[in-house]
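Across the two complexes that follow, chain A remains constant while its partner is chain B and subsequently chain C.
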Partner chain A sequence: MRKSLRVYLPFASNELKRQLAYKGAFYLFILVNMFGAFINYYLWMAIYGSSDQAILGGLTRNEMIVYVFMSYVTSSVVSISIASTVSDDVVKGTVAMNLIKPIDYRLSLISQAVGNMIYRFLVPAVFIWTGVEIYKARALGLPIVSIWNILLYLLSCIMSFLIYVLFDFCFGMIAFFTTYIFGMQMIKNALLGFLTGQLIPISFFPEVMQRVFDFLPFSSMVYTPVMIYLGKYSGEKLGFMLCRQAVWIILLYGAGSLIWKKVTKKLVVLGG
Partner chain B sequence: MHTCKRYLRLYRVLVTQFLKTIMQSKVDFLMGLFGFFFSQIIGIAFLYLVFQKIPSLQGWTLDQLIFIYGFAQIPRGIDHLFTDNIWMVAWRIVLNGDFDRYMLRPMNIFFQVIAEKLQPDALGELLVGTILVVRSLMKGVVVIDGQHIALFFVSIFAGALIYTSIKLFFAALAFWLKISGPFLQVAYQMSDFAKYPTEIYAKGVRFLITWVIPFAFVAYLPASFFLKEGTSAWMIGIECVISILFWCIAYAVFDRGTHAYESAGN
Partner chain C sequence: MIKVDHISKDFISPKKYPGLRGAVKGLFSSEKVVKTAVDDISFTIDTGEIVGYIGSNGAGKSTTIKMMTGILTPTRGECLVAGIDPSRHRKENAQNIGVVFGQRTQLWWDLPLSESFTILKEIYNVSDENYAERMEFLNRVLELPDFFDRPVRTLSLGQRMRADLGAALLHNPKVLYLDEPTIGLDLVVKDNIRKAIREINEKYQTTVILTTHDIGDIEELCSRIIIIDEGKKIYDGSLNDLKDKYGTKRKVSMEIKQPEKIKKLSLTEILGVKKEECDVEFDKEKNMLCVTFDKHKIQVPQVLTAVMDAVEVKDVQIQETELAEIVKEIYNHGVTA
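Take a look at the complex of A and B:
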């Protein structure tokens, strides 16, 4: 354990340093991403304004405001894509180097992603999060989130992160079959935005689809932690949701190992 | 007349060369197209889900919003198809000195920039836009008569010109800043606001997307002309004036930029 920490920790800290070096580009990136959250905010305000019901999809107007921004915060911290790194490594052939090094390729990628996650948590997420809480208390008159909910939320977020990264690793394996992963990435991002609850709470989907989503890992990535944050789950349901996240981590870890083994067996790298 | 012919011929030659490279990688082409197609469809699915809960959004029906959404895709797609290389100016062509080669040839520089690349991914957007507009025609949500049909095409081209102008303006900043990609990205992304009726936004945002970075004139404002009978055709007139105005500004800045251009050197 100590040894592997010594091996993989530099991956995380280097990534953190690398990100800190390109602050300017990152702030603009955040700004662009925030557009999406604000469009969503205005859209939801108009939707609640046009509805004669106070509660839509199980959420009040004020809860929806918190949902919009917290799902943004959650997905920006959680969705650290490693698929493009995998695809770069495969296309350039550097993946071969990783095969002969005495380190686990996937673990090194995950460590990098951890560095990235910490950075995103520190730079935009915490500030937006604080902003949401201040707005909630001042303008909406809602009580501030409890310490207990914050802890549960953070625990759920860490699991979400692992689910996302492990899923993305499996996804990145596509690079072994096609070099143009850009189109696939776009489809993935669009689909994930929709199915994880980032764009619209899962409770807005028809009953049948919600049942189907119960058997997919996506809602565990954003929807579950945000609902925990909002205090929508309690007791048994809460325990079940957290267990479900844990189960997905195990399943995706297994799937990733299996695909990796299959794929590297017939890997052909040109040049060297 | 003679120069015009020459440019057309050159464009054909350059585009044929480019098409050959696409044919080499058909899978990539199809996936890019599908990617853009799919990410726009998600937006429609979102509206559809929301409208299960509400009858109308500030007076707009689902069918009308779908038309606005689809209509917005067409000028976007046209611009995306023909002028995608402007992004490269913003990100790297100026930075690494590749812009030299445009300066050396006895041809219009802007023409050379856009002639270098066609972006087939844009067909995904055009496809979504066309499908949604045709759907609206069949559902009878839009006004159909001679005037509206003619202005439809005028509006699409004016809209595409607005897109190109905004892109060109921010890309031209690269002549002074070396990289202007992030700024272009921010400006371009503002077009997402124009997919929905601008009435839903706060005053400041509405002002910004109507008059500063006029994406509202690409989609929502002209679309409402086609949706509501009795809306003045002046809306399209204003769109045209704005598109020409912004084009002149953008082109002037670009032209100044080419004079200020310093190569990377070595």
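Take a look at the complex of A and C:
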């Protein structure tokens, strides 16, 4: 364990350094992130303003404000695309350079994603998060979130991150068969926007759809941690939600290993 | 050290049809084309050997290397590197090997070179003492300190290649695969890289397998060469044997004082050989007489005396067939026994 930590940690810290090396992208990223969150915010405010009900989809207007920003915080931290790295590696043939080293390809990708996650957590996420809390206390007059909820939220976030990257690894394996997956990435991102609850809280969907979503890993990626943050789950339900996340990690890990084994058997390295 | 046993690799790709109609047809057909990139190749390589693995473009060199490094799984056959099957135990095998693909880099593109080395140290689990000793050696042979703190993307090709070679050697691999290590390098850098490879081989008894299109690499480094063509092995033996067997042509060029006398001279008659066994050319402007012949049929002194008896000779040059010529010949016609 300690040895593998020593081997894979540099991947994470290097990714962090790499991200910091591109300063322009760094500031643009914050700006773009904020922009998206505010569009969503005004959209929801308009919806609440024109509705005669105070609670929509189980959320009050104030809770919705928190939901909008926290789902942005969560998804920007959690959804780190491994698939694009895999596709890049396949197209350029650099996957060969990874395979000649005595390391696990998936673990090295995940470690890189961890570096990226930490970067995104430190840069836009923490600032927006603090902003949300200040706004909540000052303007909305709501109590600040409890330490206990923060800890649960962070735990859930880490599991969300793992679910996302493990899923994305499986998705990225498509690149080995089709070489190029840019188009499919676009479809994936659009679908994930809905399925994860990033754009619309899952509770807004019809009952039947919600039942279907229960059997998919996507709602565990964004919706679950944000609902935990809002304090919507407690007791048994909370335990169940966390367990469900853990089960998805195990299932996706197994699936990834299986697919990887199949892929390496028929791997074709491009170029040279 | 390395045992390759009847190894083959097939690549399967969907059949393509020409033209726009073909493109549409391709959407509906499921016909597959099988291309055998490596076809039933076997060889063994001992510890400490430097083997040149050569062949024309697309002959299957890189594919073989990729199978020996564990990146590709052979379709048929088996190979063992230091007792390990690379495709089944990729990670264990990776610990034993170092690889340089001339057209790619294994270094971290955006980071200073020093960072790449630190990561590699951890990945290969190199102890601090070994690392220090290695670095001292690599710094001396490859002159890394000049650019050790610069990001890899800012290095020149020659520097990057030296860095890559250093990176491949950091963990003291038993086997070093070099896939075109001198591609695109200038003469001085080429020379340095060759020197480094030789020194590494001598000091650590590293087995080196080298694919290259540069004849100089082969002549300076390899004691043994394997030639493959269209996936099949067509030659395996020492460099000298190859030269002996196929480089039998000699060319003697002589600058002559009395060009008018040369017309009367009939070398084939004097030497008692057939016309096609001895090719005589005369360049009137330079007064050069060139005689090309098979060294097993005619001896060089015979030619010299025959000519010198007839005319006065100012200057003589004797040329062997160059390795490049031999290799070109083999690529073109295959080996005729």
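Assume the second predicted complex is superposed on the first by the 269 of 272 C-alpha atoms of A that agree within 3 Å, B and C clash if a C-alpha of one lies under 4 Å from a C-alpha of the other, contacts with A are read in each partner's own complex, and residues count from 1 in each chain.
We take it that a residue touches a chain if its C-beta (ideal position, glycine included) is under 8 Å from a C-beta of that chain, and two chains touch if they have at least 3 such contacts.
Since we're looking at a predicted model, the values are computed, not measured.
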Side-by-side fit of chain B and chain C on chain A, or clash: fit
Which of chain B and chain C A:I39 touches, first, second, both or neither: first
First (chain B), second (chain C), both or neither touched by A:L99: second
A:V208 touches, of chain B and chain C: first, second, both or neither? neither
Partner chain(s) touched by A:R6 [first = chain B, second = chain C, both, neither]: second
Chain C versus chain B, contacts on chain A by residue: B
Touched partner set for A:I147, first chain B, second chain C, both or neither: neither
Which superposed partner A:I200 touches (first chain B, second chain C, both, neither): first
Shortest span in Å between Cα atoms of chain B and of chain C, once chain A is used as the common reference: 7
Chain A residues contacted in one complex by chain B, in the other by chain C: none
Interfacial residue positions of chain A with respect to chain C in the complex: 3, 6-7, 9-11, 14, 17-18, 21, 93-94, 96-97, 99-104, 264-269, 271-272
Residues of chain C defined as touching chain A within the complex: 11, 62, 66, 69-73, 90-92, 94-95, 97, 99, 101, 103-106, 108, 110-111, 115, 118-119, 122-125, 179
Touching residues on chain A, where the partner in the complex is chain B: 24-25, 28-29, 31-32, 35-36, 38-39, 42-43, 45-47, 49-51, 53, 56-57, 178-180, 182-187, 189-191, 193-194, 199-200, 204-206
Chain B residues touching chain A - in the complex, by the definition given at the top: 25, 27-28, 30-36, 38-39, 42, 45-46, 49-50, 52-58, 121, 182-183, 185-186, 189-190, 192-193, 196, 199-202, 205
